[in-house]
Structure formats: structure tokens, C-alpha cells
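Inspection log for the structure reproduced underneath, given as C-alpha cells.
Just so it is clear, A, B, C, D and E label the chains in written order, and each chain counts residues from 1 on its own.
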């Protein structure tokens, strides 16, 4: 499929990247229902590792099987399917090339409770290459005590991934030196997006920002500069602007489980604010197969409508 | 020996593995009394290191000698003999090829008492290659404070072992952030199996799960999804399902020392729940030689009956 | 442009450096309005990472865009533009060669609050080479508990940078075992300059020293040797002398935000004391574009006047 | 000298070792008064480092000179001379080949007092090769908090030493999680011997075990299995059995300084219990030269008598 | 210049060293006023880093300039000039070969106060090679909690330095687990010399030992062996003996600042006790140039007289 103007424009922002990395970034944008729009809907399934099998797959037991999720991403027309090593190893051979794969390189289980959040490195860039993936994912916790170690590991990963032509998706979850609301406060999420962009992320994944400003100095700055934060669209706009004035791709997770109308309304706001897409796990794969497919297609329609 | 259909089916689940690794996985399945059934009985002797010599070999002093255990595994028709480096170095030359050897790469002694469980790396993948082993073993403690370090070391080992065509057996012992009962709670054991599978384990070794649910969120999930946990067979079934819907081999340790009838009943339940086999140490080698052989053969008969 | 005598003199102090490193040091001195004078005005923009996007770019929203700053450095005739990886990656291809780039290799965000200051390594020397930079920058915190680790990392960076012909600019910010005033005390700043020079820094960046002596032993030494500290020019002179009797380039940051007359007076004092120049961020890019350009040109005029 | 049957038998237990390592193990057994008996008397002089020069060499000031000890080992017909790097570097060239050298790779001084015992690595396997040594020595502290780190370092050393054909002697000193008596308790010493053997030690050096059982579980096991611990010969027998049923060489240190008759009686017991020999430092070199030689020869006579 | 018998004798003690290392050791002994005597006077200037510029160079402001010290060492006929990287980089090209350079590889500043003394590695062996140095220097703190780390780093440095034919000078400063007087107690200084020698130091630099015995066990040993400690000459003799019976070069620092007669008397005692020389910094370069030269020449005369 020929590149659309929008895809070309997005690629033009990554002028320090090699052709291999741009090629895989383009593959993500030229796949599925949203191909060519510069918008993204990605299915991530790391909950088995993060929350345990029964909590993740009990609601829809078909999900115990790794094949199920790859097929769901294909059936619903997602841009990509993201998972930890084991799940991808189980499907990579079988679905080779049918759906772009994104290997999550680090993950955190919830059997242990530790003060400072820190994911285990559960796969390598070379694993992603071996399994035919088009991108790698890495989680950082800005604000946490081990953040520097995480930033440095991320830099190494981005560097190595580029050597193999793989773009890097950064999961940026603020934590640590802040209130619970602060973790999704508009100033904090925007700051996390800026940090991710400065570290060289190709795609930045954040939670939908809330109407809360955590840092007193940021509060002053928002007020002085009259930055609106009332609606989700306002806040998404500020987060996207904080990622190099919108020149880095920012996508949003589904947030708390909610009913379908609320979820779709949030998607509309994200789209209105210039968000580049959604990454939606539990809200998708925990429903029966056909419901999941319908929901994901509804989400895609909203994003497609924005530029269609 | 030609592969049975069951062996072929099991191998088909590991489609991201290279032929060398599949070959050694097949060797394990094509050895001993259970050859071709896809079931496993393995003799592990790491107690000299883990509990000290007198506690381990005092009950049957023949066991002070490393030759004894390799011969016992051969005499009883086990799929493999597993031990730390020293014991394998002492027998590898003498019994070369008579019995598949599994080198345990890390071990923990009980002279020191430390808060966070952490095994010492006592051998390397290259040692396993040098000694002609068909697989390596590695212990992780999901839930413990050093778990991430252990997961990351395991990932490196699995990667290196594959380069030499060796599958990896993961000993998954939950510890740390949980009650004593929680360590064998069904939710915890199932979660440990899921983590091991996501990390790329070829064979997962867990303790028989008990009818206890440790994590409140897991309790809700089990109830909502109506997952039965009453019988050992029920619980084994859930653990096996948690290892990629049964597409990863899960074997069970003997658990607490118990009398022979109770032990055999437990084996029957494990088999009924779809468990792939047993790994049985003290219950075997601490009895007189002929009793050990008889017990192991009885266990094999149960597993063989399941598909015979 | 032919080297002036002053440029030749400065280069003569770095006799252990290879021609490649001297070449890039000369490039910095032969660029912009101050070309040939041996004086420096550099535009650094690391505040997005260090203080967050709204606090940094809210006052002049054009600054959210990475292109803006590179263009500002060009428009105002700076010797160089300094920034973290993300910002340089966004402009390196577009402005290739129009303005010397200085890659800041480590940075510290203000989402987390930690006792011991420690920047994350956010880019490598090889990144600087790949992006066509003429120098690298690295921050140390003399006096802090992790200083040794920082000094050792700096040594590795200087060594590697030289292999690629890149000089190293050291940001020396005393911290830790001292009072708040001590951080900019004349004895402490002079000591930090000496440490940086002993570690092999080509250019040393410090804050304008204040009329405060932190260490009792230093107080005695200053008094005994009659070292004047009353005026900024006095103090700048002592700091420059502490950098190998003025044989290492020392430049000064803008210090606290202040009004333009006060700022220009400080520049006059720095110049009078033999300072080699200024590195000025927020005072520059947070004003409207034309005001920034005018301010930077006024600063350059002061430094140019000194030898013009 | 042709190998005796006993030497051949001992070598036959190390079937996983390469010929180079067996050659040097044989060299140790074919040197000095005890050549061919499979018994060992080794002179170790690490006390200068471990206790300081005056405490070590004050009683016999000839010992300040490194030449003295190498000559003493030759004069008395020892199997080998063991010392830290500096002492061996001082004599290796002068006495090249006259006496087998054993390089102690780690040592601990007593200027600092630290909770967890940990020796410094003071030499490398390559140093041993460079100096013409026939073996390397390494100290571990089973039971101490840093034991795992020590076991892992030992594994690396054994592996590297084998690559150069050098066997490894392990000094196993239990410490940490035990009473003072426990450090030489029969259960603890036997456990330490087992751990050393499992880690791949070729020769294991322990202190003479005392009639004390430290661990409650071990006490039960000793009682149940009727393992005698009354005489030193009994206890030595259990320690030797714990080293792979006597298939690994176990030698014993001189223990506390004592008078000559008591010392020789202890040697007789060690010999009666099947111990492979002694490693005797202060009891030897702190006496006048001729007394030392006589004592060492008396000790050798006891060991020689056992099989002579 | 042909080697004197004394130089040949000293070189004969280092029989495990390669010709390159012996060549540079000889260069040190064949330079300056003391050439051929086997005695040493070395000028070290690391105080700018260790104590700060004003405290170090305020008393004689010519010393702010790195050229000054190299010239002073030449003017006074020293065997060598020792300094950190920055100072040597500033002079190495200009004075190439005029004076042997000794690069201090680690240094400690006094801006930070930390419990456990630990120097930062501020230069590498390869830096010494690049700058044409004839030796490297490294500081250890025997008795401190980080001593093992320091010993191990020293071992690596000695090994690497030998590969380039560079001898290593060890600055041995006892610290930590001792009283303030203990740091220069005769038992402690002698022990530090022994440790340094065992670690492979070619030249050992200690402080002049005082008439104080720190360790109770050492006190007993000194008394039992009747080791005299009354005069500085006595104590120097014991320290030299503790360095392999005088077969390793031991030199002494100037100690506390004192008046010239007291200083020269101390040198006489050091010489009388068999000390190999002095390393004198502040006592030299903080005086006016001609006074420094005279003092250093007086010191050399004392050492020369000993064997002249």
C-alpha cells in the first residue's frame, strides 16, 4: 500500500532514524482498519504476567490460550498485537506476518509487593528480531526512585533496537514521589511524555490525563500560560504538545474498566485532542470474542473519522 | 524410537524453538518406562547441597556415593536424573548416555539463613554441554524481593541454553510476600506457572497446589469464573491451564514426605488433572534401593495408564 | 576562517589532545558572532527534561517545538546549541551543520525527589557522533555522595569522546555536604573548577560564584593569601585561576532569572574577571523571539568588547 | 616417577577433568616425602596478609623473608608451598620448579573488622599460570551472608583454572549463621565439605571437626543414622564420606596452636579416619628452622605409615 | 648511565617482573640527583584535587599553574613528578621526557565527607601510557570498609600496568577500624606495607610510623619478639622489614607540616632506618621556588650520604 500524505508527514518528524526503523514504523501505520490514517489501535496482552492468569483470563477463558489473542487482533483489524515473550513465542511461528508483533521487553508481576516499581527484563531486542516483531516496548516509571536506571536501560534498548530497524514504544507510568491522583495528573503525564520523547521514544503510551495538577511549580506555569485542562480533549492536546509539539506519536491506554458508552466517549475526546490512538487490553479481550471485535471496530471508526 | 503422536503434538507447541532444543526435549520424552507417553518421572538429587549430607543420605547411606543415584534412575526407568554440578561431574563420564542428565544450575544451601531466598549459581550452561546433559534446570522464587534478578538471570540462561540446543526446566517456588499456605495456594502456583511460561520455560516444575487462595483479587476472580479448587485434580487442571492452556509441560514435586499410599493417591490426582509427571527425590532415594525402584515404577504405571 | 592569535593561544593549552578534538574545539570558537574572540555564548535547552514542559515552554509556547531553539541559536549568532538527545535528534537532520550541536549526555528530571543528586545517562558519545555534534556535555555534582561514580563516568566519557575528536563540556554543580549558599560559594565553585580541570574537562561550566566561603580551611587560605572575593569580577578571576591558571576554558550560567539590566551587569563582571563566556537558557528562550535575539546579541557585544 | 596404584585410583575419581588438570593433581601427589602415597602435607604461608607481619614472623624473624618459606617447604619434603601473590612472585623465579606452588587467590586481612567475612581477590588464575603454579586456592565461608557470591566466584575460578590445567583447592571455613563452636561442628564441617565437592573442588581443606552438632535437623539425622562423632577419627571419617563417599581429596588444617605431642596425636586421628593429609602453617614456620623440618617430617611419617 | 651495583641489586628482587617494567623502575632510579643510589625523592602535587586550589596554591600562587610543578621537580633534581591526570595532561607535551612522570590513578576530594574513604578513579593505565609516564600510582585504605574493593582494583591496575611495562606505586593509608593514632601506629603501617607487598606493589608509600601500637595482638607480638619502636629509625626499619625483609622499595611521605630542621631530622631518621626515600609535596611546593629547591636538595643530600 502506498504511503498516504499523513504517513509521510509523520515519518518526516523522525529524521534522525535509519530507513529500517522508519520502515517498521510505517508497517505499524499501514496495517489493519486504520492503515494510512496515522492512527493506531493496538491489542496488548500482558495481564497474565502482570495480574495472574485467573484475574486476566477467568472472565473469558478462551484467553488462557495464546493463540486466542493473536487471532483477536487479526479479526478486529488492529495495527499490532503486543505481549511478553512467552505469549509471542507461542504464536510467532503460527501467525508469522499476519499481524505486526510488538514484544514487551519488561514486565512486572503482582505476586511481590515492592516499594519502588521496577519491571523485570523478560526479553531482549534480539528476541524481537528472532520472532519477526516490528517493534519493541519498554515500561518506565518517571518519578520513581529507580527511574534513572530505567531511563538508562531504555536508552540502551532504543539504541540496540534501531540497529535492527525496530522502533521503540515507551509505556510511561509516573509513580513514586507523588499522590495517587498525581500519577495521572495532567502536568505529570505531560512531563512523562516529554521525558519519553527526550529519551528517543518513537511512540509514547500514557494513561488518559486527569484534571489534576500535582506539582506546585507546574500549577503556576499552567495558570500563567492559560493552559486549559477542563476536558479530556484539552488535556490530551497538552500531552501531545509536550511530546515535541505533536511531532512524536502519543497513544492512550483504556484507563479504568468502564461501560462501553463511557469508553467510547473517552476515545472521542482523545481523538478530538489530537491523540494518535489507543492501546486497549482488558476492555477488549475479557469480553466474548464478537463483543471484543465490535468494540475495537467502534473505536477504530472514531479515530478513522477524524481524518477520513 | 519413532515419535508417538503425543510426542509430536507436544513438540508442536514449541514452534519458536530450534531443532536442537526440540531434539533434546524429545530425548527426555523418549527415555525410560514412560517413553512415548509424553509423561515424565525424573529423579532429582540436590539435597546434599540443599539440606546437608547427613540429613540427605543418612537414611540410606549408599546415597553418599554419587554413583548410586545415577544407577537408581537407570534401574527404575526414569526419564532423567537431575543434580548439581559436583554430582554430575562425578558420574557423567561413567554413565555417559545411559541416562539423560539434567544439570541444576543454581542451588541454595541451608547453612545460612537469609530473609530473601536466592540460590547461588553453581554451574553454567556450558558445564551442561561439557557433561553431555540434555537439559538445564533453574530455580526462581516468584513473589520474593529478588525475583526480578532471578527472572532476568533465567532469561539469559534460557537464551544461552537454546544456543546449545538445551531446553530449560524451571523450578518455580513462590516465596516472600505471602503466607506460608500461600506458597502452595492454587492461585499462587498457577500464577508461578504462568510467569514461568511467559519467561520461556520449556518444562515447569511446581509443588502440588493446595485448596487455598492467597490473593484477594484472585479469590474474586476464581469465584466469578467458577474455577473449582476442591480436589487436587481440579487444582492441577487450573495450573496446567495457566501454562498456556496446557501447551507447556508442567510437572509436580512429591511434596511433603508421606506414606506410600498417600503418595500414590496424589500421583493419581495429578495424572487425572492433566499433570505431565512427577519429579521425586527424597521420597525415592532415601528408601532402600529395591523399595525405591518399586515406588518409582508404581508412579510410572499411574502416569502410563492415563494414555496407555 | 583563519584562526586568530587568541584562538591559537587557547588551543596551545591543550597539548595532550589529538588534532580531531582540537579541531572541534576550534569550531566552537570560530562560530557565530564571537568567532575568533575566544569567547562563548551558548544556548542550552534541557529544561523540558529538567523542569517539565509547561514550566519551561509555557512562557513562550513556540518553545514546545524542537525546531524553535535551534533556529534561535542560529538567529542570535550563538557559538553552539546544547540539548538532550530527543531535542537534538529532532533537529540534527534539518539544521545539519548550520549550528554546532552540543549533546548533553546526562540529565535529571524533577518528578522524583532524591537525596543524592544523580543524573541519568540519556545519550552516549556515539549518539553525538551519529548526530554530527561538535562536543558532548556531562554534569557532575562535586560534594555529593555519588560524586566518585560521576567522576569515573566522566573520565570514561572524556576518553571515548576524544577517540571521536569531541571535546567535553563539564557542568559542575556542587551539592551535598554543604549549605545552600555553599553551593555557589567562591571556594566551592573554584574547587569544582579545579576538580573538573583535573578530570580532563575541555570547557568548564559553573554558576556565577557568590561572596561566601563555605569551608573553614578554605576561609583561612583565602584570608592568608589575600584573595579578594568582593566583586563578581574578583570571584570570577579566582575561579578562572583555579582552572589551571586560566589555561582551561571556564564559562558561566545565567544564574537566577533577573531583569535585563542586572543580567547584563553580571555579564560585564564575568567578562571583567576573565570569564570565557556565558551559557544562557531560560533567560533567553522564555522571552519572545526578537527579545531573546536582542538579549543574546547584547551579551555577545559585552564579551566581544573585551578583546575587540 | 611412575604412578602408584593409589595415585591412579584417586585420579580415576575425577573423570570429568581434562588431562592437564589431572597432570597437575598428579604432580602434587608425586612430590616430596609422601610422593605416591596419595597423602599430602602442604606448607601455607598467608599469615603476613591475614594477621600482619609481626604476629606472623616475629616468633621466627627469618620468616620476614619470602625465600625462607619456599626453602622450608623444600627442606622438609612438602607436597607444595601455598602463599598469596606477593610471596610467590618473590620466589617463583628463584625456586622455579623446585617445589610445586599453590597460589592463594583470595585473602582477608585483619586490620578491618567486618560483620560478613569476605576475602579480597588478590590474584588471578592467570597469575598462577604466569608464575608456574600447579594449583590455585580459594577461600569460601559457607553459612555467611556473602556465601553465594563466594560460591559463584569459586565456580568461575574452577572453570578458568581448568582451562589452564590447574586443579583448585578450596579452603572451606563455615561462618555466620552459627555459634562459635558450630564453625567446627561435625555437621557443619561435613556440610561444608559436601558444598565444596558439589561446587567442583578438587581438594577440600577444612578444620578438624569437633564433637558438636550445630543444626537441630542435623542432630536428628546423625542420631537416627547412628553416625559416631566421639573421636576425631570418627568425625574425620564422616567428613571424608560427605565428600562424595571419599572420592574427593579432603585435607585438614593444624587447628589451634598446641604442643607437639597433641598435634601429632591429632594427625594420627586424621590419618586413622581416612583424611588425605594436613596443611600446616604457623605450627611449622614459627619454630626455628630445624624444629619445623623435624615436625613436618614426623607428620609425614604418620601419613606414610597408613599405607606404607 | 650504567646501572650501579645497588640498582642492579634492587632490580634483582623483582624477578617475576618483565623487562619493560624493570626498565621503568630503573629509569626512576637513574634520574636526578639521586641517580644510581637506589634512593628516591619524588614531588607529588595532588593537593589541588585533594584539598582545593586556594588551600594548596594560595601560599605560593605560582602553583596555580601546572607548568610550575614540573619545572620545580626538574630544577630540584627529583626522581619523578607525580600528579593527577589534568596536571599531567597540561605538561606532558611540553616537558616530554625531561622528568619522569608518575600518574596518580585515583584521587579523593574533600568537598564531600563520607564515612568510608574511597578515592575516585580519575585516570587509567592507558592514560599513563599515552602521556609517556614511567609509573602509575594508586591509593588504598587498609582497614577501611571498602578495602577489599580497593585491593581488587589495585590488582587489576598492577596487572594492566605491567602489560605496558609500568611499575606501580601504592599509596597505603590505613583508615577505618582504628583510632586516629592507630592510622600511623607502627604495627598498622608495617601491616599496610606487608599488604601492599603481597598485592604486588613495586614501590610502597607510607606515612612515617609513630611510636604507637594499635592492635592488642600486635602489641603482644612486638613485645615477645623485642621489636624496638622508640626512634623513627627503629620504626622505619620494622616497616621496611615488613616489606619482604626490605626487598620491596618503601618510601615515606613528609608527614605533618613542620619547620625545616624538624623535617630534615625526620629524613635523617628515615634514612638511618633504611627507608628508600621521600615523597614530599606541600612541604616543597608551598614555599617560594628557591626555598623549595634548597629544601629538596638538602633532603637528597641526606639520602645520598647514606651510601655515597
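In this section, a residue touches a chain if its C-beta (ideal position, glycine included) is under 8 Å from a C-beta of that chain, and two chains touch if they have at least 3 such contacts.
These numbers come from a predicted model, not from an experiment.
A.B. asks: Among all the other chains, which ones are in touch with both chain C and chain E?
C.D. replies: A chain counts here if it touches both chain C and chain E, and no chain qualifies.
A.B. asks: Give me the rotation angle that lays the C-alpha atoms of chain A onto its copy chain B, rounded to the nearest 5 degrees.
C.D. replies: Resulting rotation angle: about 70 degrees.
A.B. asks: State, to the nearest whole Å, the distance from the C-alpha centre of chain B to the C-alpha centre of chain D.
C.D. replies: 37
A.B. asks: Using Cα averages as centroids, what's the distance between chain B and chain E in whole Å?
C.D. replies: Centre-to-centre distance between chain B and chain E: 59 Å.
A.B. asks: Scan chain A for residues touching two or more other chains and write them down.
C.D. replies: Correct list: empty.
A.B. asks: Edges wherever two chains touch, nodes for the chains themselves; is that graph a line, a ring, a star, complete, or other here?
C.D. replies: ring
A.B. asks: Round the ring starting with chain A, chain C following: which chains, in what order?
C.D. replies: Around the ring, beginning at chain A and stepping to chain C, we get A, C, E, D, B.
A.B. asks: If we count contacts the way the header does, which residues on chain C are in touch with chain E in the complex?
C.D. replies: On the chain C side, the touching residues are 13, 15-17, 142-145, 147-148, 151-152, 155, 159, 174, 176-178, 187-188, 190-195, 197-200, 215, 217-218, 220-222, 224-225, 227, 238, 241-242, 244-245, 247.
A.B. asks: Could you list, by residue number, the parts of chain E that touch chain C in their complex?
C.D. replies: 48-49, 51-55, 58-59, 61, 64-66, 84-90, 92-94, 107, 109-114, 118-124, 127, 130-131
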